[in-house]
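Two complexes, one shared chain (subunit A), two partners (subunit B, subunit C).
Take a look at the complex of A and B:
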């Protein structure tokens, strides 16, 4: 289980994260939802140690090590001069848990070539490439920051497919997104954020069955208040 | 260790192309400058002979023989060397900032890599040090190419052949190529200190970004730098033997260097922000 306890972060006088706590269970897709500036990306960066937090703890299966989590940001993290093949070799060199077979399989699925230069990839292909870098790490938890932002509907569908594929099996996923439509049916748990605080938290299935509300319905209720 | 070697290799690959272009341009400028200064000297001698109807010997008596040492000691040549050194120092900024502001956000990948983040710091430091020694070595080789070129461009009676050691001595560059180990260590320890100082400034700026905290930390470093400088001045007084001064210079420089490296490593590990 990925546990987040009491995360706090201030930029100057502004509380960006205010005592944020939640958990992500294995084999579930948890979605962090909030308006722009709610603190979603800051939480993900804080979990991965990409920004220093003022206080709070992050435990992954009871330890503080981040080696069980793969992070997929919404921007390109490999040097621009590299080809896709160079980048996969780079990952293989640096990560003991890199799964070359998964990477090659996803490369074929997404129709990317090893010879493609990373900075020449379209936005959609860059998003797919980022997913490969994350999903090909044999890690039980995946954190994705806006994987569907700014890409066309067909690419969104291809990307949404990965969450129903065998590459998802057994993994706990924490994701931020504004594009609820494409993945609504896949979400297991939803956490609503506002001004750096968790303001609501639901089991998506329960919300649908007991209250007859979709995640989007609940989202409108929460943010239209 | 593996991570450090892989990252150093990657940094060198990313730096090689722009570095080689800059070095090639500087070397080309040195070629052109050597030829121009040499030919200008010859031109002066010829003009003097023609205008005054004197012999070559009389013209040489008036203007002197040309030597490669004069070429190197000339302002423009030293300016090119200075530009090379400046490029190395600017590289110490660029090697970090390009990971935030380049075509991609490579800093994310670097900070996410498994293992200690100190490898990132030392890989970048090794790269800059290799660039520095590379430039110094290429420049050394250039002296052996340009000196015969200078002599080749003039009739034998117009130039004075000098050794490379004399070239370095007359141009003040002997400090860069001092092969007496303590002096060599001291000069390049200073250079390393400068690079590490730049690293520390960049890392603090990248961690705290703006505001009073950055200014406060910068001021602390300036004060510490002033204390370090004052210590060196005190050591340089007349009360100590030369070898004692050398050892104390080395010891204090090493201490200040270690302090800056520790601050840099702590910043990369705990404070850096993507």
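Take a look at the complex of A and C:
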């Protein structure tokens, strides 16, 4: 279990994160949903220890180590002049828990070529490439920052396939998004953020079962008030 | 193949409904092997956890049987198959009656219409 307890962060007089707490269970897809500026990316960076927090703790299976977490930010981390193949080899050389078989399998499914130069990839293909970087690390937790942002609907469906695949198994995934239409039926749990606070939290199936509402319906209620 | 799900109804219940329909029409025959959870998730485009939950529920309702180390199968119990069929028929009729009653149509007129519609469909398919 990935636990986030009481994260607080201020920039000047603004509360960017105001006592944020939640958990990500193994074997679930949890979505952090919020409008732009709600604090989604800040939470992910906070979890990974990439920015200093004013207070709060993050525990991953009971420890403070981040070794069990793969984090994919919403920008390209690999130098653009590299080819896809070079980048995957680089990962293989530097990470002991890199799974080359998973990488090759995803490369075929997403129809990316090892010879493709990263900077020449379309936005959709860059997103696919980024997902490979995360999913090919054999780690029980995966954090994805806006993996579907600005991508056309067909590519989104191709990418969403990964959340129906065997590569999901045994993983707890936390992803941020502000658009959920194409992936709503794939999500196990939703956490709604506003102005750095968790304002609502649901099991997606339970919300449908008990309230007859879709995640979208709830999103409208939450953010329209 | 991806299936269109209603986002306001639990996905696992929609998966069960899909199975019930196919069992009732015998598109899925008694004793037939069904896809693994993983295969089902990929086929329907759903989260593997949801596939798992649907199978668990179907096991509890005895729609499918699972033994160790072999693929799950559709029940061989004809009584269960017949029960699913009559449940589905009853649900369809109830829904139909609700919409007809909302219009306030009397029974003989409705029955007449049904018979006529059935006859016409028969001709079209012949």
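A few points about this structure:
Throughout what follows, the second predicted complex is superposed on the first by the 225 of 225 C-alpha atoms of A that agree within 3 Å, B and C clash if a C-alpha of one lies under 4 Å from a C-alpha of the other, contacts with A are read in each partner's own complex, and residues count from 1 in each chain.
One rule holds in what follows: a residue touches a chain if its C-beta (ideal position, glycine included) is under 8 Å from a C-beta of that chain, and two chains touch if they have at least 3 such contacts.
This is a predicted model, so every value here is computed, not measured.
After superposition onto subunit A, the partners subunit B and subunit C occupy separate space and fit alongside each other.
In the superposed model, A:150 lies in contact with neither subunit B nor subunit C. Using the contact criterion defined above for the overlaid structures, shared-chain residue A:81 touches subunit B, although it does not reach subunit C. By the touch criterion defined above, A:26 lies against neither subunit B nor subunit C after alignment on the C-alpha atoms of chain A.
Contacts of A:100 after superposition on the shared chain: neither subunit B nor subunit C is touched. Between the C-alpha centres of subunit B and subunit C, as viewed from that of subunit A, the superposed structures give an angle of 160°, to the nearest 10. Of the two partner chains, subunit C is the only one that A:217 touches; subunit B does not reach it. When the two complexes are overlaid on their common chain A, residue A:73 makes contact with subunit B while staying clear of subunit C.
In the superposition on chain A, A:52 makes contact with subunit B only, not with subunit C. When the two complexes are overlaid on their common chain A, residue A:118 makes contact with subunit B while staying clear of subunit C. Figure legend note: subunit B and subunit C, brought together by superposition on chain A, show a least Cα distance of 28 Å. Contacts of subunit A with subunit B, set against its contacts with subunit C after fitting on chain A, share not one residue. Residue ranges of subunit B in contact with subunit A, taken from their complex: 3, 6, 10, 14, 102-106, 108-109, 111-114, 207, 211, 270-274.
Residue ranges on subunit A touching subunit C, taken from their complex, read 27-29, 157, 160-161, 163-166, 168-169, 184-188, 205, 208-209, 212-217. Considering their complex, residues 2, 5, 7-13, 38, 41-42, 44-50, 53 of subunit C touch subunit A. Partner subunit B is touched in their complex by these residues of subunit A: 12, 45, 48-52, 67, 71, 73, 75-81, 90, 93-96, 118-119.
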